C-alpha cells in the first residue's frame, strides 16, 4: 500500500511526454488525493486500518451507469465484495449505485479513482443516451474525440457506445467497445486534393470496400450542388453525403437537409444517405430526424460534465454509521447485483 | 505512419485494466479518428501527402491556453514548425492560438489528439482562473480529481495550477505542476476512528510536520463546537479547520463561517485558518472571501466542458485557401511565438 | 352618536401606555375616520340621517370570512338587520359577504371599524387556511404573536384557528378560540440553564404533565446529536423535538429532518415527534410534510396583508342606487344568512 | 409575574365584545407565548431566574424604527436598562436596534409583545416613509384605518405619521400623533343627499370652518363636470376636490388629473387643490405628483407586513454567549442611545 | 410590355394630388420594381422571354387568403393559367396559395404588384378574422379607414369583410364588399352642437330611418348618465349607445359596460344596444363580449403588417427547378382551384 | 359637399379592376367614414355647419412626419388655414403635428383621409429612418414594394425616402421622390437563363450603362464561388454582388459577408461592393455594417404599422373646448409652421 514516504519520493522524469497517468500509476494509487494516504497511516497507528466497513456510492443527478468494469479491475486483487448496477443501467439522483464491503485498507486509498471513473464515464454515457433517444431509429455516431484529452478519448467513446450510440470514429474507442471505427475523409484532405469529386473517386479506388463511402460535401461548393456532383461521380457506390456546414454559414438547417434530399431524389439517388454533423444536440436531432439518416455528435457528448459521485461509509464493524447530513446504515437497493 | 491495415489489426487484450490510452498508444495515433488514416492513404495515392501546408487552430470561446507542452511532445519528432500562445496566456473567441506548418503527412494524423489536448486542458485552466480571480489574495486548492477519470486527473489538476490555483490534492497532479500535494484527512478515517479529536491528535503525532494540520470539523458534531474541541486539543499546532458541511445541512453559509471565526477568536485561536469546500464557484467564493482563508474547489473546475478548438488549413503549397465559411490565408496574431 | 365637538374634545392622557384602542373607545367611534362624523351632521341638517339604507360589503380578493362576531357585537345595540357569510366560510373576489339594512345613523359611523375587523381578520384566516391545506393531516400551530402588536395578537391567533390551524402559543389568542396555548421552552431559557438536557429534565420535573414535552434541540449542538441526548435523558416522556435551525445555518432542510428522524428511529425513539418552525410557508410545508409531525408557522400568517373590503350603499329609501362604477341595487347572494 | 396556574385560570367572559387585548391584559403578560411562562418556572426551580442577561433585538429587513415609547411603557416598572434607536430613525437589516440589560425575570416574559410592538409599528412607518419620499413636497394623508382591526387602527396611523406622512383621518390615530384628523365626506352621505353640490353647500354651512372644504367629485357625474359644478357653488370657500375614481372606471389616471386641473384653471379656480386617493403606491404617487396636491394613501401603508424582529441573549452573567447561528457577545452600535 | 426607355421617360406632373398609383399606372407596370423590366430585356436578348414557366406563391405565416380577384383582373388579358386558394380560405406557413403558368413575359413584370396585393390584403383579412372569432355571435365593424392611406382604405375595409367582420364605416370600402356603410356621428359634431341629446334628436329627425340610431355618449358627460339622457330623449327609436372612452380616462372597462347595461335595463331600456370602440383587440373583445353587442375595431385590423409572400419559379420549360434554398418542382396542393 | 343621398347612390361598376380608390374618389370624399356625411347634414339642419373651428392632430407615438403635401392638396380648394410640422421632421407622442382652422363644413368630411395619409406615411418614414440611422454612412435602399398593395407602393417608397433611405426599386415610388429606381435582376431571370455569369454578361451588354451592375450571386451556387465567377466575367464593370441567401440556408450571416469580402479582395476585386438583402432590420444592419456597402430593406419598412393619429376640436367659435379626456383649447407648439 502506498505510503507518504513513497508518495513524497515520486519523481516526474524529463522523458515523460504527457501529463496523463498510466495504468500502472493508477493502480499504485498515484492519482489518489494525498489525504487518503495520510488516513491509512493514522488508522494503522490506531490499529484500525483493517476494520471491516461498508461504503456506498451515490450520484448527485440521474444518468446512465458506466465504468463498472474499470472499477472491478482496479479492485481485482483486493479482498472486497462489490454490489453494483450493471453497465448501462439508468440511475436516479441519490440512488445507491455501488456498494463495497471489506477492510478499509483494501480500498480506501482508491476512493478518488473509483469515483472519478464512474463520474466521468457516466456523464458521457448519459449525454449519449439523450442523443440516441432523440434520434429514435436513426443512427448516431460519436465524433467527440477531438474535444477531450487523448488519454481519455477512448474512455469517452466507449462510454458513448455504452450510452447507446451506434459507433465512433476514434480508433481505440470504437475497438474497446467491440466496434470498427467509422468516418469519412476530413476537410483537410479535400482541400489538399483541391476537388471533392477527385477525392471521392480516389477514396472509392484505394480504401477497402467495407469502409462506408460517405463524402463531405461542404468544403468548396454549395452542398446541394456538390452532393449531385459526387453522386454522379460515384453512382451506386456512394453511401452517403455529410453536411457539416459551419455556423458562419448558418449551420445545417432543416431547409438545407430537405433540399439536398429532394435534389438527390429527383436525380435518382434515393439510396444516398444524409449524414449531419456540427453542433448537434437532442433538440436539433429531434428537429432534423425525419430527413437525416445518420447523426455525428461531438461536443454534446464529449463536453458533458461528470456526474458527481459521493462515497459514504455506512457501516463500520457492523454498526450503522454516517457522517452528519447522511443517513446511517446501508440503503437497500434491490437493483444492485453482486459482481465480486 | 499508421495505416488502415495496422488500425484494423489492433487487438484489445483481456489483460487491459482501463479504457484509457497509454502514451505509446497516443503517439502511434490510436486515439485519432479513423478518417485521418484514410486521408493519408488517399493523399499518398495522389502523391500529395507531403504537401507543405499551414494549419491554424482557434477556440470557440475565450479562455486560458493550456496543453502546449504536450502538443510539442506529441510532434517532437516531426519536421514541423509551430507558433503558439504561451501556456497560461488568455485568448479570445476565434483568435488563432496555434499555427503549425510542415508536410501534411507529418501532423495531419494527429489533428484529433492535438485539439483534444488543448480543448480539455484549456477548459480546466479557464475555470480555475475564474476561481482564483474571485478569491483574490486568498488561497485556492483544486480538489477535483474525484470527478474525472484517473488517467486525466493529473492533467486536470496541473491545468488548474496553470490556470492559477495554488495547489492540488492529487499526488501525481501536484507533482506534475512542481508542487507537493496537500489535504486533510477524509471523513471516512474520522468515522472509523470514532472521534474527530482523537483523529486529529494521531495526525499530529504520526504525520510529518510539513503536512499542514488542517482538520475536518463537520463529521460528527456542530462545526463551531467541533472547531473549539479540536483547537483546544491541538493548541498552536492546529493550522486550520475545514468546513465541508453537506447540502443536506444547508452547505457552508456565510453565517456559519462568520460564527466559527468569531467563536475561535473569542477563545484565543485567531491563528487557526478557515478552509471551506463543497460546491464552490466564483460567486460563492466572492461571497465568502472576507472570512475564509483557503478554498477547496472541485466540480467547478473538474466539471468544466472542454473549449472547442478547430484546426483549419489556411495555406497549401503557398496558396491561401480555406474551406467554405472560413477566411483563406493565415490570420496574423502578433502574440504567437515560435516554439519549434 | 359621536359629534364633531366631542371628537375635538378628545384628550390623550399622559397615563396612556399603549396607542391601541380599548373596547370602549372602539364602541364610541373614536377609531372611525372623522368624515363619517361630519357626514352625520350634514345628514342631520337635511333631516336625512335616519333614512333607511342597505349597504353591502365585498372583498377585493378571495379568502376566508373572519371577524363576524366582533361586527355583530359592535352593532348589537343598533336597530339594523344583518345578513352575512358564516365565520370561516370561503369567499370569492367581489362576492357580497355581508349586507346591513337600517337607518344610516345607526351604523354609518362604524364603516371604518366594521371594514377593519373583517379585512384584517379575514387576511390572517386566509393565510392560515393555506398552511393547513398544505399540511394535510399534520398539525399546524400559529407562532406569529411576536410579529404583531399585542393588542391584536389574540385577534390574529384566533383568526388563524378560524382559518384552520390546530392551536396557538399566545395565551389569550388560544383561549379566545377555546383552546389551551401550547409551546416548548425558549432558546433564552436553555442558554441561561447552559445545557439543553438539564433544561429538559427540569421541564419534565416542574411543568404539569398536560403540557407537551417538546424540546428545542438547536441551541448548542448539532440537532441530530442533541435530539439523541434529550431522548436518552427523558425516555418515553419526550413527546417531540423542535428544529428551529436559523437561516444562518441553512434553516431546516428536508435532509436534516430525514436524518433526525432516522437517527431517532435507529436508537429506538420512534415515538418522538418532529416539530419544525422558522420561515415556513405552504410550499415548504408541502416539501417537508412526509417527515414532520407538527409545523409552527409564524410570519406567513401574521404577516399577511388585510383583504381590502368595500362597503357600498345599494338602496336608499327603497330605491336602487350606486355610486359611479358600481351596480345599483343589491346583488343577491344565496349564501348569506341573516344573523341579526 | 404571570404563572402557569394563573394563565390556566384565565377566563374569557361572554360580555367581551372584541378579541383584542386591553392595556391591562398586555401588561399582565396575557398576550405572551405560553412557553415564556414555563421558562420562568424552570429558571426559578434552578435559582437562575434573576440572572443578569443582555438581550439584543435586530430586524430582518431595513426600515424605520417605530414603537419605542410603547416598549418603554411596557417595561417602565422593571429594573432594566434599555438602549435604542430613536423613534423614526432608519435601520439596516440585522442592525441592533434595541438592547435590554437586567435580570431575565424582569423582561423575559415580554419578549412576545416587545417584538410585536416594534415589528408591526416599524412595518407601517416604513411603508409610510416610502410614500412620503415619493411625494416630495406634496402632502400625504393616511386613509388606511378601514383595513386594520380598530384596536390597532390608531397604532397604525400614528406609525404612519412617525414614518413621515402629514396627517390621518382616524380620530384617535391623528390625536395620538398630536394632529387633528382630516377628511372630506363619504360617498354614502352624497348618495343619501342625492346631489354633490347640495352636500357641499350644507358642508360649507354646518361644519366648523377649520375643517377643510374638500369635496368628493366622482359619485354621480363625470369628475371634470362635477368639479366645475362644485367650484361654482362654493366659490373661494372650496379648498379642494377629491378624485377617488374606482378601478371599474379605470381609476385615477394622469390624464384625468391633468384635465380636471386645466378645466378648473380655465374657469378661474386655480386655488382649488386636487386630492387623489385609491390604490396609491410610491410609483403611482411619483407618476402623479406634478399635478396633484394631496395624496390619500390607504392599503399601501396599512397592508404592509410587519418587519420580523428577533431578540437574542448575547451575554449571561457577564459571559459572551449566543445560540448556534448567532455571534456571541453584544454587537456594538454607536447609534443606540440609552433611554432607561 | 413596359421597357426601360419608357420607364425612364415617365414624368410626374405638378397636377398630381396624391402619391398613390391609379389603376392605369398599376396595369402599365409602373408600380413594379425596375429590375423586372431589365430582366425582360435580358431574356428578350437571349430569345428566352416567352419560355413557359410555372411560378408558385407561398406565404411566410398563416392567415386568410385575400386579393385574388385583383390579381385575376391584373392578369386578365394575359395567356396564363392560374390556380389559387379561394378568397377567404385559410392558409398555413409555406403552403402554396397560388400557382401561375405561362410565358414568363406575360406575368414576370407583375411579380411586385401580385405579391403586394396578396400580402397586404391577406394581412388585413387575417387580423379581421381573429377579431370575429373572438367576438363569436356578436357584431364586429371595421373602423380602421382613418389609419391607412385613402387609396387603400377601401381595399383594407373590403379585406376585413372578407376576413369575416360584419360591416365597415368607409363608404367605398363597404360598397366594394356589397354592404352599406354604417356609423354614428362623430365627437366633432356633438361638440359643435354643444349637447349630445340635441344632436341625437336632430339625427333622429333628419337622417333617413335606415341608418341605425347609435349615439356616442362619452363626449361631455359620464357615460352612464349620458346614456340615460339619450335613452329618455329618443325612447324606442334609440338603437344603441357607443362607448369610446379615451385611454386618458381609463378606456372602456368591463365594469363600465356592465354598469351602463344595468342602469339602462333598470330604467327600462333593455332594447338599447351597447357599442364599444377604442383600442380593441381579440383579447379585449373576448373579455367584453358577454355585455357588448357591437364592436368597432380600428387599428388592430388596419395596423396589421402584410403577410410576406414569395414567388418562386419551380418549372422552366417543363424541367423542375428552384433557386438554392427552395425545393425544385411544383409542390402539389389539392386545395388549389383553377381560376383562369 | 358629399350628401347621404349621393353616397347611397354610389355604384361599383363591373369594369373596376382594383379595390383601391382613385384620386377623384378620394377628393369626392368616398373614402370617408359615413358618419362624417351624416354629421354635415345634422349641422346644416341646425345652421351650424359653417361654424369656425380649430382642430388639432396628434400622434400616439413618436416618429417622422410624412404626408403633408397630400393633405395640402386634399384641402387646396378649401378656405382653411393650416399649420404643420415639415415633411421629415421628428415628432413626440401626443405632440400637436398639424392644426387646421376654418369652417367645419370645409374640412370635417375629410377627417378620415387626412388622418389616414399622415398615419400611414409617417409609419413608413419612421421605420426607414431607423434603418438609415443604423446604417450610418452606408447606403440603404427600400425594396418593400412587393409587400404592399400597388396603389400605395409608391406612397410607401416615397415615405421611406422622406424618412432617409437613399433610393428605391419601385419605378413610380422612386420617381415621386425625384430619384431613379435601382436594382439588380431577379432570381427568376437567372433561373431562366440557367447561369448567373451568362445573365450578368447579357446585363452588361444590353442594359444602359447608368444602371448599376449589381448581380445576385445566390441562385445556383455557393455565394463566394459565384461572386468570384461573376467578378472574373465582368471585371471592372462589376459594381457589386448581392447576397440574398434565404433563411432556409441560414440567411446572410456576418461570416458569409466577411468571407465573400475577403475572397473578392484576395482575387483583386476590391472595387466590388457587397449588397445585402433579406429580413434586414436595424439590429442586423448594425451587426453587418462594417463589411456591407448597400442594404436592401423590405418588410421592416413596408410592414410597419401606421402611427395612430387623432384629430380633436379644440376651439369652436372662439371658445376653448374639448371632449372628455382631452385638454380644452389649442396646445401651443412653436415648431408648427403655417403652410396655407
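All chains are identified by letter, namely A, B, C, D, E and F, in their written order; residue positions are counted from 1 within each chain.
Here is the rule we go by: contacts are C-beta pairs under 8 Å (C-beta built on N, C-alpha and C of every residue); 3 or more make two chains touch, one makes a residue touch a chain.
Remember, it's a predicted structure, so these values are computed and weren't measured experimentally.
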item	value
Contacts common to chain A and chain D (chain labels)	B, C, E, F
Contact distance in steps, from chain D to chain F	1
Chain hops separating chain E from chain C, counting only touching neighbours	1
Same-site or different-site touching of chain A by its copy chain E, using the half cut	different
Chain pair with more C-beta contacts, D-E versus A-C	D-E
Length of the line joining the C-alpha centres of chain B and chain D, rounded to whole Å	59
Averaged-CA centre spacing for the pair chain F and chain C, given as whole angstrom	65
Rounded Å distance between chain A and chain F, as computed from the means of their C-alpha atoms	58
Where chain F touches two or more other chains, by residue	220-222, 245-249, 255-256, 258-259, 322, 324-326
Chains that touch, pairwise	A-B, A-C, A-E, A-F, B-C, B-D, B-F, C-D, C-E, D-E, D-F, E-F
For the chain B and chain F complex, residues of the former touching the latter	320, 322, 324-329
Residue numbers on chain A that touch chain B, as the complex places them	4, 7-8, 10, 12, 16-23, 25-27, 29-39, 41-43, 45-46, 48, 51, 53, 55, 70, 73-74, 76, 104, 108, 111-113, 115-117, 119-121, 143, 145-155, 158, 169-176, 180-193, 198-199, 202-203, 205-208, 211, 218-221, 245-249, 299, 302-306, 308-309, 311-313, 316, 321-326
Complex contacts: residues of chain F adjacent to chain A	220-222, 225, 245-251, 253-256, 258-259
Touch list for chain D against partner chain F, complex	222, 224, 255-256, 258-259, 262-263, 266
